[in-house]
Amino acid sequence: AAADENKLEELKEQGFARVAIANEPPFTAVGADGKVSGAAPDVAREIFKKLGVPEIVASISEYGAMIPGLQAGRHDAITAGLFMKPERCAAVAYSEPILCDAEAFALKKGNPLKLKSYKDIADNPDAKIGAPGGGTEEKLALEAGVPRDRVIVVPDGQSGMKMLQDGRIDVYSLPVLSINDLVSKANDPNIEVVAPVEGAPVYCDGAAFRKGDEALRDAFDVELAKMKESGEFAKIIEPYGFSAKAAMSTTREKLCAAK
Amino acid sequence: MSEPIIRIDNIVKKYGPLTVLDKLSMEVMPGEKLALIGPSGSGKTTILRILMTLERISDGFIEVDGEHLYHMKKDRQLVPADERHLHLMREKIGMVFQHFNLFPHKCVLDNVTLAPMLTKGMARAAAEKRAMELLDMVGMADKAKSMPAQLSGGQKQRVAIARALALSPKIMLFDEVTSALDPELVEEVLNVMRRLADETDMTMLLVTHEMGFAHDFADRVLFFDRGKIVEEGKPGDIFRHPKQERTQAFLRKIIAAGHRV
Amino acid sequence: MSEPIIRIDNIVKKYGPLTVLDKLSMEVMPGEKLALIGPSGSGKTTILRILMTLERISDGFIEVDGEHLYHMKKDRQLVPADERHLHLMREKIGMVFQHFNLFPHKCVLDNVTLAPMLTKGMARAAAEKRAMELLDMVGMADKAKSMPAQLSGGQKQRVAIARALALSPKIMLFDEVTSALDPELVEEVLNVMRRLADETDMTMLLVTHEMGFAHDFADRVLFFDRGKIVEEGKPGDIFRHPKQERTQAFLRKIIAAGHRV
Amino acid sequence: MIDWSGYIGLILQGAWVTVELTLMGSALALVVAFAAGLGRLSRFMAVRSLATTYIEFFRGTSIFVQLFWAYFVLPFAGITLTPLQAGVLALGLNVGAYGAEVVRGAVKAIGREQREACIALNLTRYQAMRHIILPQALPLMLPTFGNNAIELLKGTAVVSLISLTDMTFQAQVVRAQTGSTLIPFATILVLYFVMAWVISLGMRWLERRAGRGLDGVRV
Amino acid sequence: MEWDWEFVRQIMPTLIDGLQITILATILGAAVAAVVGLVFAILRMVAPAPVARATGFAVEFIRGTPLLVQLYFIFYVLPDIGIRLPALVAGVIGLGIHYGTYAAEVYRAGIENVPRGQWEAAKATNLTARQTWTHVILPQAIPPMIPALANYLIAMFKETPLLSAITVLELMNQAKSIANSNYRYIEPMTLVGVFFLIMSLISVFFLRWLEERYARVDER
């Protein structure tokens, strides 16, 4: 793709950046007033401000639709807790890591099927797992050998909890913090959390840019590094429950190379 | 012949605010051939439809063959007729429509046999035998297997006549049975009706604009205007020497329009 | 009068395999009143429709008022007419239909003024003045503001005649203009046509089943059968002393059906 | 406990998007319905085939596919539409294809007899269409157009799948924030019904106006 | 982004799996719609006035609101009152009820289109109400309904992608899932379009045939 050196100039001129988010607290959230918050957009908003782009305009999207949307020019960046993985690194240009989290299961009280890892689900022919379509958890489950018809694509977190409560699925899998947020909202004594999932790596996300917009990404990285340095970064993400240290102890290079 | 087979007593028929028949009374003797003539909208069709129980009356009484048509006795009282009573009464009456109303999804033969088989429980073989006789009489035996859509208007109407006859009603009603036909097809239908009039002693009521035919066919002619019988009498008298102004005006118009009387 | 205004030369009209007109030729002189009679399906309507350019011919030539109807000259050759040529030719011809075909969404006056305003660019005032004269002639001036749905069949047909006259065609075609009417309404339309025939020198072609009227109206009668002219002549001759077997049979049937001749 | 008034506000914002989509989509649909419907009756083979292809294509593929195409594939052809534009385009073209058949059917229903009367009065094809055929065909189209508009309204729910913030989408958001499923969905069901009801009232009003003087009588 | 035939070959089996579910859902949905429609039509035509009016309102309501929302309702809200349906069943019921309201209209129109003269002829030949229905009215009313019903069948087929919203793995959902894990929308979405187009072109011919086969018997 032809490099577009002027992307940042363009954004400055237009006064806002269009970002894709997911509405999955605490990574991303939409308030009752329609205001976008959550750790990832908050970080991105700060950085874009420093780059001279005063606003971000968020559109909520399915995880799977984010990268195609970015490629199709619908978004300028993805700030949604889209974890870095080698295939994704090949498809988009990631910034340095921002939010890190391990995977968790929400399941029925007492964990009746004794599920502790994706492998356990694969081995139990009765176990059904719910996960967002195109997300990390779906991939992990499929890679662990859970057949397609036992991996239920769930449109959003609330539906996932509902399906778990209704017994349509046995496990609902999301990152730890997301699961915790959902479970505390659901306030249901019959649900418990298994975290972290055994054998599943810790993932970190970054802001994702279109291939070709590396210049913009690099400018973003510079500001990100400054913020990490100054402690401003930790101030933004830690109230949401994320660890700034985790993000600072690894790099894009490592994460994109990981198997 | 002693008792009238139809006795209509002061009937009223209204559609909403419109009074179509206004305290009409008349009698018909068994075997009589009656022609009903009169201007458009005068209520001729309405009378036939009431006799066929396609419309209810608003007031008055009708007796057919000694029994009330729209009423029945129950606990020594006259109460409005229920569907069962109407069903029994309809056995006595058959009707042929202006637009034939053949059953388009059934062949000619089945059109004629359907009702006898269903309403009288006739066996198919017997019903078909009788149907073929009737179709033969109306000159349609060779078309027994045709579908109605394949027939000309005159042919359709002859089948419709056979269909009505198949139930052997005592009274036959004909509502402008030739006025939807091309002029050259009129005659074939009228011929059938002439034979019918001559050869059977069925009671027949005929609404028509064919004055010439009414003249030959009827024992008695009733002239209707605005829901009333304005004049009645032998065809010769009515057509040659109408007494009433309205009858004269009507006949003048019709003759001017090229109809033979 | 020297030259014929219509010259039909060996025309053929086919619908798929069916030959409806078979090498038909005829001529009509200016001002002539012609009646076309014959059994159903013999091609009478088809001729009128061809003259009105509602149907194309399969073969042959037609000249109207000295010009080819379906052909035009181009580079000294005769080529099939295009839409522009037909448009010019249609100015000479008007037609009245069996089912009136009034425009139901326009009032009587607008029905009559529409075409003159659109095709001749007449101003509204002039068009309305002329329309009122015509409506007056057909006795419909007082209904100028009525909608077609509010009129009886006879009234509709008189408006349709006025509408066709508004374009002042040289030739008028009438296709069974009374056969969709109730018998009592026929006369009012025929009266208008009689006046038209007497008072104007328009050329008129009339298809009808009203033999009595054809007799009074026409200078010449053509008897059609199966796409051919079987017999032609003065009305008195054709109706009283038909020479051809087929003409005799046809007239016999019509008379039997109650039509006056 | 839960800020319902705020969330109702969110749903109402979505309702406005739904209304916008419905209005703009209907306007587009109306235009293409006439263009394609009359195009299909054209004398010219090329125009006819073009109209037929459009109609068959948009009636044949599902609205979802059309939406995803407009949203994700068109950009690769250099056409980047905002979600709203993509939604209007897909909905308008989709419903327009159905509308085209309505236009064609109504024009054809104004039978041969009216067209022949026009020829006999020497009107040009354009004049006949403009003054005689369309004025009579329009009242015939209206009831079906009303149904089509309601179909389009219902179709707008689908745009939530391309993350356009319509009413259904906002209901999803509210659901994610509050954990309540019944309340947001029941609310939007009622709102959709009210909108559909307004459309049918409007259409009935139009029908009465257009039908005036015709009294349903064909001559 | 280029069209990639190799990728097409690779995803085809998955899409065909999805197509099978789509077709299954359509057929089952149609069966439900046929029955539900009959119930609606009968209730509206012959039930006592209050029931008929309530049915009328229900039909209007269902027709006036999006199927997508109705599906959410059936799938996510009904479990609150103890009705927990598997996704496919919920989808089939949703499709069936939604299209049942359309079928009801077809039934009603078909019956009302039988000319009054046929009812009168039946009466004049003294048939009972039941005989009139079975021998005269229905045999004439049903054939013209068939093309209209088939039309809705096709419309329903094209709406099955909605079932993806309630986790049914039909064609659209499979395509999305492929797109999601491979970050390519062009091929799967285009293929879904092609599948739909092929199915509808086939059904257009099928419809034409039906319309000819069951063309109105034009005689009264």
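Here the chain labels run A, B, C, D and E in written order, and each chain numbers its own residues starting at 1.
We adopt the following convention: contacts are C-beta pairs under 8 Å (C-beta built on N, C-alpha and C of every residue); 3 or more make two chains touch, one makes a residue touch a chain.
Each chain and its UniProt protein: B, C = Ectoine/hydroxyectoine ABC transporter ATP-binding protein EhuA; D = Ectoine/hydroxyectoine ABC transporter permease subunit EhuC; E = Ectoine/hydroxyectoine ABC transporter permease subunit EhuD.
Every value quoted in this text rests on a predicted model; they were computed, and no experiment measured them.
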For chain A and chain D, chains touching each: E
Top chain pair, ranked by how many C-beta pairs fall in contact: D-E
Farthest chain relative to chain E (centres taken as mean CA coordinates): C
Rounded Å distance between chain B and chain E, as computed from the means of their C-alpha atoms: 47
Geometric centre distance via CA averages, chain B-chain A, whole Å: 85
Chain centre separation (chain C, chain E; CA means) in Å: 52
Chain centre separation (chain D, chain E; CA means) in Å: 20
Residue numbers of chain D (touch at least two other chains): 72-73, 76, 181
Chain A, residues touching no fewer than two other chains: 62, 65, 68, 72, 155, 162
Pairs of chains, among all present, that meet the touch criterion: A-D, A-E, B-C, B-E, C-D, D-E
For the chain B and chain E complex, residues of the former touching the latter: 52-54, 83, 87, 90-91, 93-95, 97, 99-105, 114-115, 118-119, 147-149, 156, 163-164, 167
Contact set on chain C toward chain B in their complex: 39-40, 182-184, 186-187, 190, 209-213, 250, 253-260
Contacting residues of chain E [partner chain B, same complex]: 115, 117-118, 120-121, 123-129, 131, 135-136, 139-140, 217-220
Contact footprint of chain D on chain A as seen in their complex: 23, 29-34, 59-62, 65, 68-69, 72-74, 155-158, 161-162, 185-186
Chain D - residues contacting chain C, complex: 113-114, 116-117, 119-125, 127, 131-132, 135-136, 213-215, 217-219
